[in-house]
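The two complexes that follow have subunit A in common; it is paired with subunit B in the first and with subunit C in the second.
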Partner chain A sequence: MLQGHQSWIFNNKPVILSSSAVGGPFEAKGPLAKDFDILHQDTRLGQDSFEKAEKKLIEQACEIAIHKAKIKKEDINFFLCGDLMNQIISSSFAARTLAIPFLGLYGACSSSMEGLSLAALMIDSKAAEYALAATSSHNSASEKQYRYPTEYGAQKPPTAQWTVTGSGAVLLGQRGEGPKVTCATIGRVVDMGLSDPFNMGTAMAPAAVDTIQAHFRDLNRDPSFYDLIATGDLGRVGHRIAGDLLRDHGLEIPPEIFTDCGILIYGDKQPVMAGGSGCACSATTTYGHFFKRMHKGELKRILIVATGALLSPLSYQQKESIPCVAHAVSIEM
Partner chain B sequence: MEKFIWAFIIGGAICVIGQIAMDVFKLTPAHTMSSLVVIGAILGGLGLYEPLIKFAGAGATVPISSFGNSLVKGALAEAERSGIIGVLTGIFEVTSAGVSSAIIFGFMASLLFKSKG
Partner chain C sequence: MSSKKKKKLSPTQQKYQAYAKIREPKRPVLLNSIRAFFVGGIVCTIGQVLQWVFMTYFNFDEVSAGNPTVAVLIIISVTLTGLGVYDHIAQWGGAGTAVPVTGFANTVASAAIEHRTEGYVLGVGGNMFKISGPVITFGVFSAFVVAIVRIAVKALGGM
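For the complex of A and B:
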């Protein structure tokens, strides 16, 4: 049901029956390693290309989520998936294996919450009995597509971020045990004219701020409603800017509940510059770490604001600025 | 001893120029490298790079700007011997070992290994 200008309230409370997080070797060395279902030591996963490895990450994440929910793959009505590769090949190729009716999404790193909000909308409106939403990113595959060949070893400035290798999947149903998706706010595309692809946190921060403001306005809520508000992959640089912008706009989120998946996923000693990024950043942190904390009772209500930089390698070569978007989903235990 | 110190300072200064080009002027690594080659070629053409080499030794010969200088040096030397066409025939005269080995070893490596990154 529409609430305000750009938010949905899910009155039938779609249930997150299961979720999964799969990661690579770099994530295995991070502080959230114990919250992943599978951690791979080989970034290729035994495949002969990084792209094939990324497809495998999605397949595994989906398999685990389906297995945990103890339902049959054939019972799932729709599969929603997005990733960063050109023509979202990782998602489409994984959908070929899964053979579940499929809708491909592209919202760059906001694909995680784009998928989750649409899946929740399907369940809420009874358009589906079960819906599976997933997303993935692969560090080397993204580097190769967006920046330089990995063998080249190009230098990066401290504002750059490290793309997470991994995949997260979530399975939603009409009824059952688990956290519930209660509402979602769909963001508009915001472009403040920044064009540095090595500083995407700064470019995405205004989009996150716009969506967070819209969420609290539409739902007439206060940040204290939530135990945790996490942005997707702003990193240390972007997250600070987002905090400052929100304060300027008169929306103070207490620092102890305001965090960023890109900051949480890697440790201080890991050479990730400003933090993690990629679709899998918010997906694995939410579907792995945050959901485990919800099941333990440490968190009751969380708001995830996944941020996406909607650039293409071609658009930045043509010196276009970076349009950004953010989608917020509220999950309650 | 003095030579080592100047090599250290001049070599380091050329690298600092490269780092500034990347961080402040947002040049890509490839543009930075080509710019240094062009700067070396211009300085070589103006007769300023040789004195720098005499002064700083390896501090001026090891960075890529030295390659630009060598290109111009070969072209000018051949132009003196055989006229204007020598600019074209002489451009790789001094640097042919480096250019040829890059092509030959690159070819050999491509036969043995498959690039995946």
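For the complex of A and C:
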């Protein structure tokens, strides 16, 4: 049901029946390693290319989510998936394997919450009995597509971020045990004219701020409603800017509940500059770490604001600035 | 950012960029320069030692020792790239590792490794010079222009 200008309230409370997180070797060294279902030591996962490895990551994440929910793959009505590769090949190819009716999404790193909000909408409107939403990113595959070859020796600035290798999946159903998706706010595209692909946090921060403000305005809520508000992959640079911007706009989020998946996923000693990024950053942190904390009872109500930078290597070379978007989903235990 | 680019930005965008600028970590330019100075210097010293070895033990003179020296540096750089070490040295050493011979070998080797999955012809062959291509193009073109200038000056009775 529409609430305010750009938010949905899910009155039927779609249930997250199961979730999964798969990661790579770099994620295995991070502080959230114990919250992953599978951690791979080989970034190629035994495949002969990084792109094929990324497809495998989605397949595994989906298999685990389906297995945990103890339902049959054939019972799932729809599969929503997005990734960073050109023509979202990782998602489409994983959908070929899964053979579940498929809708491909592209919202760059906001694909995680884009998928979750649409899946929740399907369940809420009874358009689906079960819906599976997944997303993935692969560090080497993304570097290859967006920047330089992985072994190329170029110095990255301190504002650069490290794309997470991994995949996260959630399975939603009409009824059952688990956290419930209660509402979602769809963001608009915000472009502040930044064009440096090594400084995505700064580019994406205004989009996150816009969506967070819209969320609290539409739902007439206060940040204190949540135990945790996490942005997707703003990193240390973007998260700080977002926090300051919100405060200047009169929306103070207490620092103890305001965090960022890109900061949480890697440790201080890991050479990731400003933090993690990529679709899998918000997906694995939310579907792995945050959901585990919800099941333990440490968190009751969370708001995830996944941020995406909608650039392409071509648009960057043509001197276009970076349009950004953010989608917020509220999950309650 | 150039002033021409700034003109196209709306006042809100300009205000935000100024707002963000003071909150971003700066590139440590001085530290990077010092590291680049030493790393670049070390690479060049290795080259000098190699040249000396070829001149002393292998009967090369100062000019002809250049080729085997460069070849050895290329082999070292390509090996380090293949072993996945070069990019880490470059992150630390910055511009110091871009010293022509080793840096150039790294651009070619890294692109070749990266695109191996697309096959030898379209992948390796087509992408090998993806990063180093512009250097070759503009290097050859600059040399051409300089040569024309030199010939013209000579024809006019100069030099």
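FYI, the second predicted complex is superposed on the first by the 333 of 333 C-alpha atoms of A that agree within 3 Å, B and C clash if a C-alpha of one lies under 4 Å from a C-alpha of the other, contacts with A are read in each partner's own complex, and residues count from 1 in each chain.
By our rule, contacts are C-beta pairs under 8 Å (C-beta built on N, C-alpha and C of every residue); 3 or more make two chains touch, one makes a residue touch a chain.
On a predicted model such as this, the values are computed, not experimentally measured, just so you know.
Legend: residue contacts after superposition of the two complexes on their common chain; A:Pro149 is shown touching both subunit B and subunit C. A simple residue count on subunit A separates subunit B from subunit C, and the partner touching more is C.
When the two structures are aligned on the shared chain, A:Pro157 is found in touch with subunit B and with subunit C.
Look at A:Ile89: by the touch rule set out above, it reaches neither subunit B nor subunit C. Touch criterion not met for A:Ala33: it reaches neither subunit B nor subunit C.
Within the superposed three-chain model, A:Ile9 lies out of touch with both subunit B and subunit C [touch as defined at top]. For the contact definition in use here, the residues of subunit A common to its subunit B contact set and its subunit C contact set are 48-50, 144, 148-152, 154-155, 157. Contacts from subunit A toward subunit B in the complex involve residues 48-50, 140, 144, 148-152, 154-155, 157, 196. The touching residues of subunit C, when paired with subunit A in their complex, are 8-10, 12-14, 16-17, 19-20, 23-28, 32, 81-82, 84, 86-87, 89-91, 93-95, 97-98, 103, 106-107, 109-111, 113-115, 117, 130-131.
Within the complex formed with subunit C, the subunit A residues making contact are 48-51, 144, 148-159, 191-194, 199, 202, 205-206, 237, 240-241, 244-245, 271, 274. Taken in their complex, subunit B has these residues touching subunit A: 22-23, 26, 28-29, 115-117.
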